[in-house]
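One structure below.
Chain nomenclature is as follows: A, B, C and D, assigned in order of appearance, with residue numbering initiated at 1 for each chain independently.
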Amino acid sequence: MKNLIKDSVSGFKTLVVGMRLTIDQFFRRPVTVHYPREALKMPERYRGHIELVRDPETGNSLCIACKSCEKACPSDCIFVEGIKREGEKRKSPTEFSLDFTKCSLCGSCVEVCPTDALRFTKEYNLASTERSAYLYDLLRRLEGQKK
Amino acid sequence: MNGFIQALADEMSRLCQPAPATPPPADAPAGETPSAAAAEPPPPCQITDYGKRGFHLDVTVPPDRVVDAAHILDARGFGIDCVTGVDWIASGQMEVVYDYFHPTAPWRVVVRARIPRDRAEIQTVSHVFPGANWHERETHDFFDIRFIGHPDLSPFLLPEDSDFHPLRKDFTPLP
Amino acid sequence: MTIIEPIRILLYVVGALAFVGVNAAYLVWLERKAAGRFQRRAGPTEVGPAGLLQPVADAIKLMTKQLIVPPGSDELLFRVAPVMVMAPAMMCFATIPFADSIAARNIDVGLLMIFAFGSINVMAVMLGGWSSRNKYAIISAARVVSQNVAYEIPMLLTIITMLMVAGTMNLHEIVRQQEAGFWAWNVFRLASNPLMPVTFIIFFICMLAETNRAPFDMAEAESELVAGAYTEYSGMGFGVFFMGEYANIVIGCAIATALFLGGWGSPVGALPGVWWFLAKMYFLIFSVIWIRWTFPRTQFYGLLNLSWKILIPVSLTTLVLTSIAIKIPRMF
Amino acid sequence: MSVPPLELIKGPDETFILNLGPQHPATHGVLRIKLTMDGEYVTRAEPVPGYIHRMHEKMGENRTWNQFLPNTSRIDYLSAMAYTHAFVGVAERAAGIEVPPRAEYIRVITSELNRISSHLVWFGAFLLDLGGFTPLLYAFDDREKILDLLEGITGSRLTYCYYRFGGVCNDVDDAFLRGTKEFVAHMRPRMKLYRDLVTDNIILRKRLTDIGHISADMCRRYGATGPVIRGAGVAYDTRKVEPYSAYREFDFDIPVFPEADSMARYLVRMEEIVQSLRIIEQAVDRLPDGPFIAPKMPKVMKVPPGDYFYATEAARGRFAVRAVSDGKEIPYRLKLRAPSFSNLSLFEEASRGMMLPDALAMLGSLDLVIPDIDR
């Protein structure tokens, strides 16, 4: 009997403590960010889909079409084709496409690249109703950035 | 440190001793190049280097002794970690691997048994370790190893109507 | 008089309907906003300023949804059940004294009427759950009945205590006795019962349990029973249940205000009026929301244990104490 | 429309079958439990997993050691670090790769941060099971800080894929170390908040105490590990019994509660957060300099023939990889020993005769991640 009363009273006290804590939080500022109105900055190493890096001197891609990334990719989402143009020491890509629907953003391609010709973008708010929207032609993307 | 595991190794090696007509690997095609791991027959019961392999005792028992091995380990306070299979298609064998752990000591024991691949049957240990029930069901799913005496071998992780066994090396997925 | 009276009643009916509707809608808004703040979120912000039009959007959404009657269910009961939650709740508003002159009917047995109608709610939820032909709903229905039966007892015991203190069932009369100031409120009337605050807390807990609010929301218990008795209800069927639930909360808090917190009387004795009533009532409603967003749900037998082992003995004690406190002075 | 007569829905002897899931709020994903109920009492509970089975083990036999790395984060998405750790660990053990101490320390820090974030998710989700909504958001607020930290160094918020054979893929920066220290300082008072708001709460205690007994022997027979076995009074933690990585060098305790009920498992996890904070603090303070990945790692990993085993302590228990290699670039066989799988397998025995809400509270206290069970 005595225990029951003691338990009830101490139990009731824990409830009061709980309510005090939540009302304390009630009067503080919300911690959430209102996403479409304000957005956080993506960190430096954020892994969006990959893109080609431009050679600062020539303005072309650094890619030498060695296909290391194609081989390293666990999900077969990269397709590279290249030729050796006349007057150039190394091969250059004629096609570099990424099937982003299959990509798991593991970064194997970026790591394996011998010329550091690949990097991650910071794009995260991609949405489309069609798969074809995620078949990226990275060479054309690079061209587009040049302009 | 090694007293306990040595005693266990002695007891386990007694299990391996009789070796009643070791599983007939006769039907393994002679011309096939045996893969490296399957080629060298390991000693049936050996204390292994933990740092190199990740377990302390590696026991290969005849397939009809896995239940005895489970009883010995149960009596010594081991728990079941997992049961799985390995398909040695080159030698026509299926290996059933039982991993045991000890909840109060850092011992880890592996018990293996090899059974013929085309008649993959082995006694269940699920009545000794109920935890083996699900693992054996999963192994049956993936390897088509039949566990004799298992209460329910219906597909577990695979779809309920599946009749394929994806981890067999000769499994070809539908196009 | 004879002409005016029906019009007056009609106005009150419309007023009560509007009050319940607006309250249900905006209590949802308040609940969501408060829940957001309790959880350090912003709550609804997008629809209208500070999300104020959110309830309108919700209502439109609910109304445009198809009403699905599950096959094999008892269709009549299934459709009647939401109405049976809503209608008695509306009836209860007839006698709630918002202010001295604002009440549809000043009934002498007002309190009795409210509890008579209030207990129909249980049956409605039970029928809704039973007629849905859903196992979760049936479990929920069984829970609702045992929970409400268990909590009706301590609640009525506290009501009897209050009746003994007040000596009347007329809610106006009860409020008028407390008009002097907060020291005259029933909750602080320690002279007639030293355990009066406890009585108030018991009443409040029982009110939470009767209205199926957290932490006693066994009937809905979404992590166990999906949506409990309301699992199969879609669109406005669910919406009406929802409105009924909020209406019941409003009634419960209104009664608590009238019985314990001095109704429309001001705490210092000056400037009585409807605003005091509303302020007290909404403070209680806010507390209900506050409790919901603080505590986990109780276990079902824990709930019954609380009722039978703690609340009923304690409310019986207060009843005995009160009767002693009332009887003894009269003996001399 | 034809409706089956009620007798078909009702089982024999007054029991009825309740299909809990595959979509049910309490099963945290697509787990289905076939409950045979007698009123509100569970007479038999048969979990039916496999709804998101992806056959990671087969994938492992089809791709190189390196290519399997991203998969390891996706088995138990809440404690991805420990899973990747076991996989890189088994290859390192087999190939005899010496991991530089800095990399080991970074692995410990990130693994422990990941453990805390996983426990926080469990904490919130468990409270949701019990009908308390607010702690979830507080827990997620704290978890967000961890995710931000880990995103800063790994570039990813959930499926990190941060460890590589021989080390980690990126070095940590000062911002991360500073942020980690700040987080530790921030988290300690938060633990007090959780204790006052949740742990001490009478409603929670009434709901969890003496509910869902899982004895130490049952854990052993079923192979249940992690907080489940520690909540049964056995101090079994892979970090202590089979110390891997750099765990030998830190001073931390294994929280053990002998009551073996849901509350014990709850308390174990809450105390583990505190211990993880201790480990993180020590590791950040003593972080050695040096390379973050072993030098001269081959581009394509090859593992000498044989079979190897490596276990790590994930948030839910011991995760282990058994790898069989035939010396090629592609593993011959990968067995992933998932803790949730074993932890769930005892549910059938442990839940017998419980009331539905209690059974669900126990299910929550097992801390299941369904992809981990289904693999």
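The definition used in the following text is that a contact is a pair of C-beta atoms (placed from the backbone, for glycine too) under 8 Å apart; a residue touches a chain by one contact, two chains touch by 3 or more.
Please read these numbers as outputs of a predicted model, since none were measured by experiment.
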Original post:
Where the centre of all protein Cα atoms falls, which chain's Cα centre is nearest to that point?
Top reply: D
Subject >> Centroid comparison with chain A (C-alpha atoms), farthest chain >> reply: C
Original post:
In terms of C-beta pairs in contact, which of A-C and A-D ranks higher?
Top reply: A-D
Original post:
Roughly how many whole angstrom separate the Cα centroids of chain B and chain C?
Top reply: 64
Subject >> Geometric centre distance via CA averages, chain C-chain A, whole Å >> reply: 50
Subject >> Distance from the mean Cα position of chain D to that of chain A, given in whole angstrom >> reply: 24
**OP:** Return the distance between the CA-based centres of chain C and chain D, expressed in whole Å.
**Re:** 43
**OP:** Pull out every residue in chain D that's touching 2 or more other chains.
**Re:** 134, 138, 141, 197-198, 201, 203
Subject >> Residue numbers of chain A (touch at least two other chains) >> reply: 15, 18, 21-22, 25, 31
Original post:
In their complex, what parts of chain D are in touch with chain A?
Top reply: 63, 66-71, 74, 134, 138, 141, 148, 151-156, 159, 161, 164, 169-170, 193, 196-198, 200-203, 299
**OP:** Over in the complex, which chain D residues touch chain B? Could you list them?
**Re:** 49-50, 53, 55, 57-58, 61, 90, 93, 96, 216, 219-225, 229, 234-236, 241-242, 305-311, 318, 320, 322, 324-327, 332-333, 335, 337, 341-342, 345-346, 349, 374-375
Original post:
Which of the residues in chain B come into contact with chain D in the complex?
Top reply: 35-37, 50-55, 77-82, 84, 86-87, 97, 99, 101, 103-106, 108, 110, 129-131, 133-135, 142, 155-159, 166-167
Original post:
Okay, in this complex, where on chain D does chain C touch?
Top reply: 1, 3, 9, 16, 18, 24-26, 37, 39-40, 127-134, 136-138, 141, 197-198, 201, 203-204, 206-207, 355-358, 360
Subject >> Of chain A, residues touching chain D in the complex >> reply: 10-12, 14-15, 17-18, 21-22, 25, 31, 43-47, 68, 72-74, 104-108, 111-112, 120
